[in-house]
Amino acid sequence: MSQLSHYDEQGTARMVDVSAKPPTARTAKAHAFVRMSAQVLAALPRNPKGNPLEVARIAAIQAAKRTSDLIPLCHPIPLSLVDVDFGIEKDGIRVITSVACTAGTGAEMEALMAASIAALTIYDMTKALDKAIEITSLHLISKTGGKNGDYQRQPHE
Amino acid sequence: MSQLSHYDEQGTARMVDVSAKPPTARTAKAHAFVRMSAQVLAALPRNPKGNPLEVARIAAIQAAKRTSDLIPLCHPIPLSLVDVDFGIEKDGIRVITSVACTAGTGAEMEALMAASIAALTIYDMTKALDKAIEITSLHLISKTGGKNGDYQRQPHE
Amino acid sequence: MSQLSHYDEQGTARMVDVSAKPPTARTAKAHAFVRMSAQVLAALPRNPKGNPLEVARIAAIQAAKRTSDLIPLCHPIPLSLVDVDFGIEKDGIRVITSVACTAGTGAEMEALMAASIAALTIYDMTKALDKAIEITSLHLISKTGGKNGDYQRQPHE
Amino acid sequence: MSQLSHYDEQGTARMVDVSAKPPTARTAKAHAFVRMSAQVLAALPRNPKGNPLEVARIAAIQAAKRTSDLIPLCHPIPLSLVDVDFGIEKDGIRVITSVACTAGTGAEMEALMAASIAALTIYDMTKALDKAIEITSLHLISKTGGKNGDYQRQPHE
Amino acid sequence: MSQLSHYDEQGTARMVDVSAKPPTARTAKAHAFVRMSAQVLAALPRNPKGNPLEVARIAAIQAAKRTSDLIPLCHPIPLSLVDVDFGIEKDGIRVITSVACTAGTGAEMEALMAASIAALTIYDMTKALDKAIEITSLHLISKTGGKNGDYQRQPHE
Amino acid sequence: MSQLSHYDEQGTARMVDVSAKPPTARTAKAHAFVRMSAQVLAALPRNPKGNPLEVARIAAIQAAKRTSDLIPLCHPIPLSLVDVDFGIEKDGIRVITSVACTAGTGAEMEALMAASIAALTIYDMTKALDKAIEITSLHLISKTGGKNGDYQRQPHE
């Protein structure tokens, strides 16, 4: 851990001051993939805890609203939209989240939080079938708004 | 989404009833990896928000304690330990979490929640350097206790 | 449950997107009634847990501020006022709540949440006297602001 | 400040001390009714926010776990079960909640909280159709366990 | 800051593992003093926000229950009692809190949290009268239970 | 219940209505001192729970964001900055917090909450060394913004 151990002599964590940033429209999209075997996917209709996707959607929306409670240096943001979509694929479930707000700072963490909690809720509801289910590729897809400009993840990233 | 759309005609989500399970000692370990380039790792000592690992550790411990607030069908569990370790590797930061409790149900979700929030906090603190940082391999490593026996993830999983 | 079981083939719950709505002044009022016998009402001054109304007032104000944590598809709203009034009547306690905000969406749920939690707190503080106490007539009284116009509950509703 | 110090003698809110009560098995059931017109019930399949019942169920489970955050003098209770059932009737939706725990105090408030939040979530998801929807008959149905014995609401109550 | 800067080379914060500690009965008492002028004390009956003491009492009870949410390395504890008493003195308001639990770790932080939040709530409700109000002498009075034995603060401390 | 309805006239806690106040830039600074002996300060490098200051800083930032959850009559405020500084002195640790927001009401309580929780976290992390550690001088240092003008604590206060 030599790279990090000395890098910040005070170890001081600081919020970024957004006092001077006027609220502007911003969006962010994030992605996660819950990898599970075809057998588990086929068994989901008999999943003991119910439909994991509808529960995961609600959990994700609620968690997005609480991001600044969970990520210490995040600013509270009044979200105007949280949307969660799922795709069933042959080796797992794809999670795509979209958030929007009018704020002085972006909502990337809110989109990532929603994707993460959606994926974890799917895990929680299916772990009786297979504990080896894995969450992969949790990342930002895109963001718009803010002075640093838009971002679009490149295919090779 | 044909596999899921009909599988639960009522869509009914239900908590598992743990009323009859006496509290027993349980542990769980989980893993996540925050993939970032060598350049970003090398730049961390000048990270604008401070030391991401110490902030991530605290965020992870606090989130583990709130798992049942975030994952809808989780039972509240009185955690007796949450531990978070980091390893700096050449292509990113490895997160290993350990939790322990004496409860009627296991703490797998608490370990996974801690790993997920640690990884997201690292992302939040380094995203100014690189928005393409990705969280991968969020999974359970092992668990002990409970009537279903112990679990150890296999290397090939 | 035939009316509902097929109505939404994906069962998809979605937040309403309020991104395009500028913040405007809004108010809402809600009502609940806690029905209790004249004997219980007469015994309240010797209530074992203290004055239920002052505790209920605080609980209601605090819950109104947390509405978006509790109602999954509610947007977070910066409330500028929460007020709670009580009327002692011969067959129970009337609860009237008023909220105000400047936001892109209305505060009806915040007013209803305050009324509901005030009533439940009164129940909690008096249940040692009578477990049959019932909460009735939890409804919106009025709202102002927003593009759909004002609403005033009609006497016969 | 003599006005306050004397007033304090009657106004003091106090938690009941449950230190000496060993944990025992307890259950509680509660009821609420969301009254809406036949036209609104018939329109629910085209409800703009999605299936209100599945969202309400999740909201109710999550709120039950947070009862001691919301009702000031409630003790925190490790719930082992929260269950929420709905019945569609010709003039509205009936909500029945069941909770179980092993604790030193009963879970009546948790059952009532779940019923109340389920009903409010249904209101939130249908208020675009009719703001006059009303929540009635929020009451305890039964409880078991604890030294004061079981309780069963009587039909005429 | 030379004393601290090197003392913990990893800066690693860790929860104390209480897995092996059986639950035992514990109590703790804490103290705070809210110093205000005789003029402010005399004006409290006309305080613009209402009776600060009853609001402070409720806030303190609720905060004690959330201590492990606020103090990162605290374990969640099922409190069986939180009590808050006030004394009006000639130069301010004395706050005494008492908590009890049956747990594997003590409740000192819960008693201190209650005292702190009670004092801050009194400040909030009286700051319109005088912003110079100060909170002093926030400390533990005593604790009982646990393997380290009882503690009683000495008069000269 | 005439005793209560009249008592209510003086006991009523009310939020201040800030509906008519436009958001303006505001700042607040607060102070606390954690008094501990020179021996305890010297022992901190071997503190069993890790570096108290970095943990306290994170706890303080997170608590500031949740002030309106904890102080009943506080309005929710979108903080744009929370900063926490520590000074190690010969008889203890000085805590200075700074907050900023653009809101219709000031952020004094947020600054005081941060200072209080930072101090309590330091206590939690050092109480194994000395339970007599005391928090003193928790007060507002200054505020700017708002129609009542700026405030600067005087040295003799």
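We call the chains A, B, C, D, E and F, going by the order they appear; numbering starts again at 1 in every chain.
The working rule: contacts are C-beta pairs under 8 Å (C-beta built on N, C-alpha and C of every residue); 3 or more make two chains touch, one makes a residue touch a chain.
Everything quoted here is computed from the prediction, not taken from an experiment.
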Label of the chain whose CA centroid is most distant from the centroid of chain A: E
Over-half contact-pair match to D-E, picked out of the listed pairs A-B, B-F or A-F: A-F
Contact-richer chain pair [B-E vs C-E]: B-E
Chain C and chain F, separation of their C-alpha mean positions in angstrom: 31
Rounded Å distance, chain B centre to chain C centre (Cα mean): 36
Chain C-chain D separation of Cα centroids, rounded to whole Å: 13
Where chain C touches two or more other chains, by residue: 1, 11-15, 45, 51, 54-55, 58-59, 62, 66, 72-73, 78
Residue ranges of chain A in contact with chain F within the complex: 11-15, 17-19, 21, 68-69, 72-73, 75-78, 103-104
Residue ranges of chain C in contact with chain E within the complex: 51, 54-55, 58-59, 62
Of chain F, residues touching chain E in the complex: 10-16, 41-42, 44-51, 53-55, 58-59, 62-63, 66, 70-74, 86-88, 108-109, 112-113, 116-117, 119-121, 123-125, 127, 131-140, 143, 151, 153-154, 157
Of all residues in chain C, those that touch chain F in their complex: 25, 41-42, 44-45, 51, 53-54, 57-58, 61-62, 65-66, 78-83, 86, 88, 100-102
